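Letters A, B, C and D mark the chains in the order given here, with residues in each chain numbered from 1 onward.
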Amino acid sequence: MNNQKTKKLYEFRKVAILIAICLVFTILLPGVFLTWSNIRSILYSVSLTGIMICGATFAVLIGGIDRTVSGNAAVAGACCCSLLLSGDGSMGSTVLAILAGLGCGILSGLFHGLVLSRFDIPAFLMTLATNQVLYGIVQYITQNKLINVMNAKAFNTIGSARILGIPVPVYILLICFLVSYVVLNHTVYGRNLYSVGGNREASKLSGINCRKVICIAYMISGFMGALSGLILSSMNQQASATQATGYENDVLAAIVVGGISLRGGSGTLQGAMFGAFLIGIISNGLRLLGIDAIYHDLVKGVIIIAAIAFDMYSSYSMSGMKKRGPFRRKASSAE
Amino acid sequence: MAETLLEMKNIEKIFAHVHALDHVNFEICKGEVVSLLGENGAGKSTLIKILTGVYPKDGGEIFFEGKQVEIDNKHDAEKLGIAVIFQELSLIPTLSVTQNIMLGKEMSTLGMIHYSAEKKKIAELIQRYDFPLEADAIVETLSVAQRQMVEILKALSADAKLIIMDEPTASLSRKESEVLYKIINQLRDQGVSIIYISHRLEEVFNLADRIAILRDGKNVGLVDREEIVPGDVVKMMIGKRLSEATASRNLTLSDKEVVLEVKNLTHLGYYENVSFQVHAGEVLVLTGLVGSGRTEVLRSIFGADPYDSGQVIYRGEVLKKNRIKHTVSKGFGLIPEDRRTQGFAPLLSVTRNVAVTNYDALAHMGFVNRAKEDELGEAVVGMVDLRPANPNVAVGNLSGGNQQKVVLGKWLTRDLNVILIDEPTVGIDIGAKDEIYDFIEKMTMQGIAVLMVSSDIAEVLRVAHRIIVMKEGRVIREFHDGAVTQEQILLAQSGLKEQAKEEAQYE
Amino acid sequence: MRAKRLMAALLAALCVMGLTACSGAANADNASGDEAASADGEVQEAVGEVVEGMIATKEVTVNPYTDELKIGFIPSNATEANGTAWGEGIREELSYWPNITYNIFDGEMNADKQSQLVYDLISQDYDGIILQAYNSSILAAAVEDAEAAGIPVVTINLGADTAYAGHVAMTDYEAGYAIGNKISEALGEEGGNVVVIQATPGATRGEELESGFQASMAEHPEITILDEQTGEWNMEKANTVMQDFLTSYGDEIDAVFCHNDQMAEGAGVACQNLGYNDIIIWGANGESKALEYIEQGIITGTVYTNCYDQGATAARLLMMYLGSNIDTSTFTQTPVIKMPPITVDSSNVANIPQEDRW
Amino acid sequence: MRQETLRRIISFALLVILLVIFSATSDTFLTANNIMNLLRECSVVGTLAIGVTMCIITGGNDLSCGALLGLVSMVIANLYHYTAFSLELILAVGLLTALLGGLLNGICISVLKIPDFVATLSTGMIFTGLIYLFAIRNESGLITSETIRNETIASWGGSFGNGLYYSTVVFFVVAIIAQVYLKHTKSGTYLYAMGANRKSAEYSGISFVKTKITAFMISAGTAFIGALLLLGRNRAVETATGTGLEFQAISATVIGGCAFSGGRGDAIGTVIGVLFMQVLRNGILKYNFSTQTQSVISGVVIVVMLIFDAYYNEYMQKKTTKASAVAREKKAVN
């Protein structure tokens, strides 16, 4: 089969899974699930993790993992909110505070990039530890109290305002997605990123500065984490020392469910978004159905396993490896 | 001679309409060493892979100990007592020698391994063959030679009746090789049959009881030990087709400008005092056995590895050490030794892989011009005649030859001044090989300086304008003009005694 | 000043003990605290008198005014507003005793981690532990062992399922009950529909609030509970849950009950964003931000507890035990000091002074 | 000296350095009580980490072990609360639950061929969901938790007279058994083979499905033992029991020398890793640090250790390749 066609079918398969699940919920929830307001609320609820995913995908594609997305979000939120409190409330100080927050994320990303590109350290463990450090820093900034910024109106608009009836965070997600998509698919950097993730040695021998590529990937991840932290702070009109805890797990889950290989170099941003929406839609549907929260994890786990198994199975059968099975040796045509 | 152990009759194998094996017959008796000779792509590996169940055969019959057998997978082969010592080793790096040898057939009661008993057994085995090995050494700490010995032991401990050795001495030192010869002789005495594949003719001549020669997937000769005449064997291997073109070659010293000059390059422990010049439009081949430091020189020139002293000079300009981007910007390209680990990203498409080196031309302000990129992909497919002719195929799914074409395509599309090529045709079928040689020739026509590393003599003769022979990290010989023959290079590479005589003749 | 405070603590605690503490226990005639007569001998004697004959006594070995003592506070989450406020209340109170080393150990929202911390403090020979349990059953064993090791444990807000020195309660059951009543009051005769944004399933505090709330609902059949979902204690999750409620039920929803203030704030923001301005939203805790939200009309009310005071009370109670001859390990029932549940809405929010907001 | 041995010594040295620093600067760290307590703290995470070691050696990962531990404890608590089963029967059902969980993991990974990470992430969710289903309810149907008042269970949390807890002993016994299993049994050897070089392992007749299922069954078994140890200490189960333990276990395993790529590491390494993590966790409490300083310092220590370890490895590798090259050079000269 033509490879491009197959690839398109792969992508379609993911959409098909989503559509199937949506269809089930639409039938179960007539007039509720498939409404404009519910779609809006799904988008809104996915926007935070979605933005983090846009960043973390970069880190996973180069063969790393970034568990500090939540720490970056928390540091950025705390840093920004404390500056907002000490600022004079003018537009200038608000912008400065936002930039400072984003700067925190980029700095943290730079650090991770520098260390992880230089040393052969399991990124999983490294970012687990640094995430703890980042939360320690957040605790220093917040002194373990809520930083209440409900009076910073300009800042809070980000989280609460709507344009054409759609909340601003959704637009930000859209922008992040589009920018990341363009970066990954239409820029030299994106090409180099996939190349480094796919084969670092070959990329090096092709004249790519692998360390730079890796550093930038983590910086983007840090930036997106920080951005979502700012939006979270703005939505909540506060910064807390526990802000965004646990998001790193949601983000990682969405990414792996979306078919991005943890070995790097393979997978798409659309796939990761599919993961995010799969989890988001299931949660939303279960809540709308009024199913008790205690069943949510169970149902989610089963659906994810089923979806992945279906995905794996159909990718084998579509690539014509049905008879042989996925792990049999493939007789190559080369001698 | 003893009774026949294995007989392969009229074996056929067709790859993509090409007869890789065309009614090939092969026979080996018990306690016999038969050497399978042939150029790369003559069908040796295919035959072996059919024998071991890696490939299904498309025709013919196999008899083992008189009975007709079907070998569908490696397990079948093993049951029969056929063991292969592959070039690419199949050991478990983190386990010990004993554990590796006993893997899958441990001595145990209720799952508990009698490790000391196993160790004793393996130690005895090691002692019997006098291997420089320890029974409980961890495999990843061993040298390549030692790992190979482990592989041999593994075959022996499985009571293999037939051991196939594919280029076993390729990465062994002379002393290590001699140990191996001893082992082979010992095995023969014990009634084990050995199919021995090697490019080192002198060892074949010394070891083999018989030599079976393949060319272009056909039997071309079977020579008994007593009848071996080295020149005839080489002629049979090379055949008529190539004899005129490449059996010997007239080398000429180019008078064009010097593009690349390497001066006293030294990387302690890898190579020492290497100096040479490459002219525009010239192919300089660095040859020598594996481990002679050729690849390391190439990588250092490209900036992929550091060096301790010396200079790399491009058109009078001293290049910075260890800076690939710098050398690439000067118009250098590298086709690396192991394309699988260094050449391409297997999951990415042809276009993406090829474009990696070309974004300076394909992108504007950091944005990729996709139309141009696709064009490039299409262009490369046409340029290197990729099969299937689809630029969107993931490179990992291509055949070895086509993968190499992709790696070549990475650089062909650039304005190159110097290309460094490392063993471009290993594991590639004949057709694709020829195409790759054509590209090299085309490049020289464009005035590109080519520095190539190769251990395939036919290949060296086919493309070289000048030949440098390296051994143990030093340049030991240069052929720069006049006619040179395969024999000469072979002998020079191996450092045989005739060397002195030859040198006198050609220098 | 010192004496006055200690006295106040003693009186408060003993009153409660008189009401709830066990009686009986043997060995009443054991040595009383005369050896440990201290600078404030008067107080000590008073303790001795009250205690003797009521509960088991032990030899007084420490003098809370002069000895180097170590007190640890283990909140379920040291990095949240509640935990910080309790911690500061305790610190404030203990700062009057310069001889006391006080430290906070974060329970990281993990009862097992808290249990490990208790054991760690036992092994370090701490003199007293103040604990805000994340789960009362899990902590029972550790608290029992601490008491057995002679370390009095005073709990805040959520105690352990066993008998120990004392508990300063935030009265979650009563709070839930009071909120239920407030909601029914606001909805009047014809009643209405209410949704609940719950704590993480299995959290003891959520369970208590829910029980109290349901008890109130049982008395008000005109109110229907439409739906219950978890907001995982978390503001933005509650925001999402509220949006889903509004999608499902829209105008049917009259009131929302959230198991903490953060979730109430999230629900409030969701309602505001979606234009549902007349929904009654109740939280529970009384953190400063919630009070501001009440002032701004984003949420309706909360149950306020003065966490500083609560922390200070716990500290005082603990200090009393440290200087007394009461053997807390023999208690068969835990003395409880109840913090009054103050329901706060726009009518009385101004009464809470800034310095009491946390 | 073998490189592996040297690495082992290095990681052990790091642990010792940590111990020395804490002992020297704190007077409450190096006390019999604290050491016994520290070893007790290790036991649950440690036992779990031993199981995770098996999964990581096969080149996989087990993110579901924490939830499985919670599930097993919950099943035991549930049966204890609602049924009149004997304790033996309850434990048998608990063990069965664990093994079924391990089997589910193994099947998802080996038969359905879902990558380990995704598979165990999802099964972890399923286990968490089941915990809620099995949770004990109060009269009005709300999830509650209840202290188990059972002498036998309580006695598991006890200690020998000298302060050495039973759970510590269990942990070390499990570790020793695991070490013997990994190094001296067929099945243990196969785990390494599968993780380091799947293809040649399969050529040697080792079944991928069997090996994976074995690894995850063992992990489930250790989750069961861990659950018992936790029950003995806490004598109660809540819905959040076990949450987050998997990350502690995985971290300890990796610090102890396991590589996610498989084929490396052993039980002793994991024990060192667990001790390192717990010593750090315990020692840091001995100072009057604020909670924020505690988390920053412990994070930084781990990062520094990782960097040191990576740097050292790199250095050793360079040295060995250079040494062999130099040796070859010498041979050439001779």
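Quick note on the criterion: a contact is a pair of C-beta atoms (placed from the backbone, for glycine too) under 8 Å apart; a residue touches a chain by one contact, two chains touch by 3 or more.
Being a predicted model, the structure only gives us computed values, none of them experimental.
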Comparison of A-B and B-D (more C-beta pairs in contact): A-B
Mean-CA-position distance for subunit C and subunit B (Å): 75
Centroid distance [mean C-alpha coordinates] between subunit B and subunit A, Å: 44
For subunit A paired with subunit C, centre-to-centre distance based on mean C-alpha positions, whole Å: 37
Touching two or more other chains - residue numbers and ranges from subunit B: none
Per-residue multi-chain contacts in subunit C, two or more chains: 78-79, 201
Subunit A: positions in contact with at least two other chains: 135, 139, 144, 293-294
Which chain pairs touch, all of them: A-B, A-C, A-D, B-D, C-D
Residues of subunit A that touch subunit C when the two form their complex: 32, 35, 37-38, 41, 44-45, 48, 135, 139, 142-146, 148, 150, 160, 162, 167, 232, 235-238, 240-242, 284, 287-288, 290, 292-294
Touch list for subunit C against partner subunit D, complex: 78-79, 101, 103-106, 109-112, 115-117, 119-120, 122-125, 135-142, 161-162, 200-204, 207, 210-211, 214
Touching residues (chain side subunit A, partner subunit B) in the complex: 2-4, 7, 182, 186-192, 194-195, 197-199, 201-209, 265-266, 329, 331-335
Parts of subunit B lying in touch with subunit A, wherever the complex brings them together: 15-16, 20, 41, 43, 45-46, 54-56, 302, 304, 324-325, 327-329, 334, 336, 341-349, 352-353, 355-357, 359, 362-363, 366-368, 370, 390, 392-394, 399-402, 410, 427-429
For the subunit C and subunit A complex, residues of the former touching the latter: 77-81, 83-84, 87, 198, 201, 227-230, 235-236, 239-241, 243-244, 246-248, 265-266, 269, 272-274, 287-289, 292-293, 296, 358
